[in-house]
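Letters A, B, C and D mark the chains in the order given here, with residues in each chain numbered from 1 onward.
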Amino acid sequence: MTDKNTNIQKLRDEYAIFVNERNWNQFHDPKSVAASISIEANELLELFQWDTPESAREKLNNPKWRAKVEGEVADVFIYLLNFVNQTGIDITTEYNKKMAVAREKFKVEAQDDLEAYYKVKEDYRKAGK
Amino acid sequence: MTDKNTNIQKLRDEYAIFVNERNWNQFHDPKSVAASISIEANELLELFQWDTPESAREKLNNPKWRAKVEGEVADVFIYLLNFVNQTGIDITTEYNKKMAVAREKFKVEAQDDLEAYYKVKEDYRKAGK
Amino acid sequence: MTDKNTNIQKLRDEYAIFVNERNWNQFHDPKSVAASISIEANELLELFQWDTPESAREKLNNPKWRAKVEGEVADVFIYLLNFVNQTGIDITTEYNKKMAVAREKFKVEAQDDLEAYYKVKEDYRKAGK
Amino acid sequence: MTDKNTNIQKLRDEYAIFVNERNWNQFHDPKSVAASISIEANELLELFQWDTPESAREKLNNPKWRAKVEGEVADVFIYLLNFVNQTGIDITTEYNKKMAVAREKFKVEAQDDLEAYYKVKEDYRKAGK
């Protein structure tokens, strides 16, 4: 089973059963789970703490490092599933809403340098929030 | 389209095309994208900054607040897609690996109080890392 | 030596010497150090990951837990010193500027419930940014 | 007043009075304040979200950007003061304890490349935790 043949709901359901069996929902309020996503995201970030963009890219070729990165990605994803399970949010629906806005705001034209990229992102933030 | 009928690869591919069309891969090194997941996770956390578990749960019933939460969930998910697209990590594979370990470590028995919950998590961390 | 008889510059200087002796400035660009503050803040947050406000407060009475908290507080502070050393920012000056704005915006009157507290914070954000 | 002539306790006391006058201690449990440090650290990190080490350093020369950075540094520091005020932790004491360990673990010798730097940090983590 890979991303190609797995729908999101299947993983949501599987994880919900795992949590329910252990009676953990009592601990998983939205604030604690949001904090958990942040905590795991920072464990992922820590794997690149002192890297340049180049050394960060290269590191992924190191199998031992790559395995750590994979583990942290899974942790972020699992807490995200936890959060949407607790709150009844549909990821696909929210993804599509967000992308519809992004497609309109960010015209299809290359941003050729970092300054231009920051500028479109900044314009988007101001407009979208 | 909802989580029930959407496979993960479809969203990955759609997002990859969006990024490629805009020539943004040049800016999306793994460190910056990991930082972005953390930044968005903290925007989600900010929506519950001063809440108790109870007030955090209640807030989701407020449609205006809920819409903000949904937007931040989408942002976390989109940067997670970005990260796995950049690095070629398969989410489902990593989810399954992690859950196989978790199922073995966390026996199916209720943890009845917070102390017990912290304890199994602590044991898991020590064993799993 | 305690906070009562230590000025901030003393700690800044001491830490700057420590870093210089080890030739670490080359690794300490502002982005990596900002990421480090976030990473350490999340190690602090992790110590309260599943707590309620009450259980979080109680935990500080546990000497073993308290020692962990103290260690993470030191880590956050050290990376903050690192950041201001790299960038030449004066903490006291910025503290005073921020507090002058806060004193004006947040009138001296009790916010009696969580909703009122969120409201003044929200008004402040809108006004102050 | 600058870092040169300000002791930490002075800022702690000043901030404690500000919070007390507004009756905010009721909202400032250690978990929420730890979350707040993370939230502000990520607002700081966001100012360098897509930067390379070089572009991050250059940005500090832009007065408008620099002012934003200064504001976020102040926010991180203020929530750190909040945390130590709530918990009665002495920053200087914890700084000194941490640095005493660091001085012993990290010998005074230059780490000449990123790999060596990661290695000493990794060794330190394993030994120190």
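Everything that follows uses one rule, which is that a residue touches a chain if its C-beta (ideal position, glycine included) is under 8 Å from a C-beta of that chain, and two chains touch if they have at least 3 such contacts.
Because the structure is a prediction, the values reported are computed rather than measured.
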Touch-network distance, subunit A to subunit C, counted in steps: 1
Homomeric contact subunit C-subunit D: same or different residue positions, threshold half: same
Pair sharing more residue contacts (C-beta pairs) when B-C is set against B-D: B-D
Between subunit B and subunit D, centroid-to-centroid distance (C-alpha), Å: 26
Approximate Å spacing (C-alpha centroids) for the pair subunit C, subunit D: 5
Residue numbers of subunit B (touch at least two other chains): 27, 31-32, 35, 38, 41-42, 45, 48, 50-53, 114, 117
Pairwise touch network: line, ring, star, complete, or other: complete
Residue ranges of subunit D touching subunit B (in the complex, touch as defined): 27, 32, 35-36, 38-39, 41-43, 45-46, 48-51
Residues of subunit B that touch subunit A when the two form their complex: 1-9, 11-12, 14-15, 18, 21-24, 27, 29-32, 34-35, 37-38, 41-42, 44-45, 47-48, 51-54, 56-57, 59-60, 66, 69-71, 73-78, 80, 83-84, 87-99, 102-103, 106, 108-112, 114, 117
Partner subunit C, residues of subunit B touching it in the complex: 31, 35, 38, 42, 50-53, 55, 114, 117-118
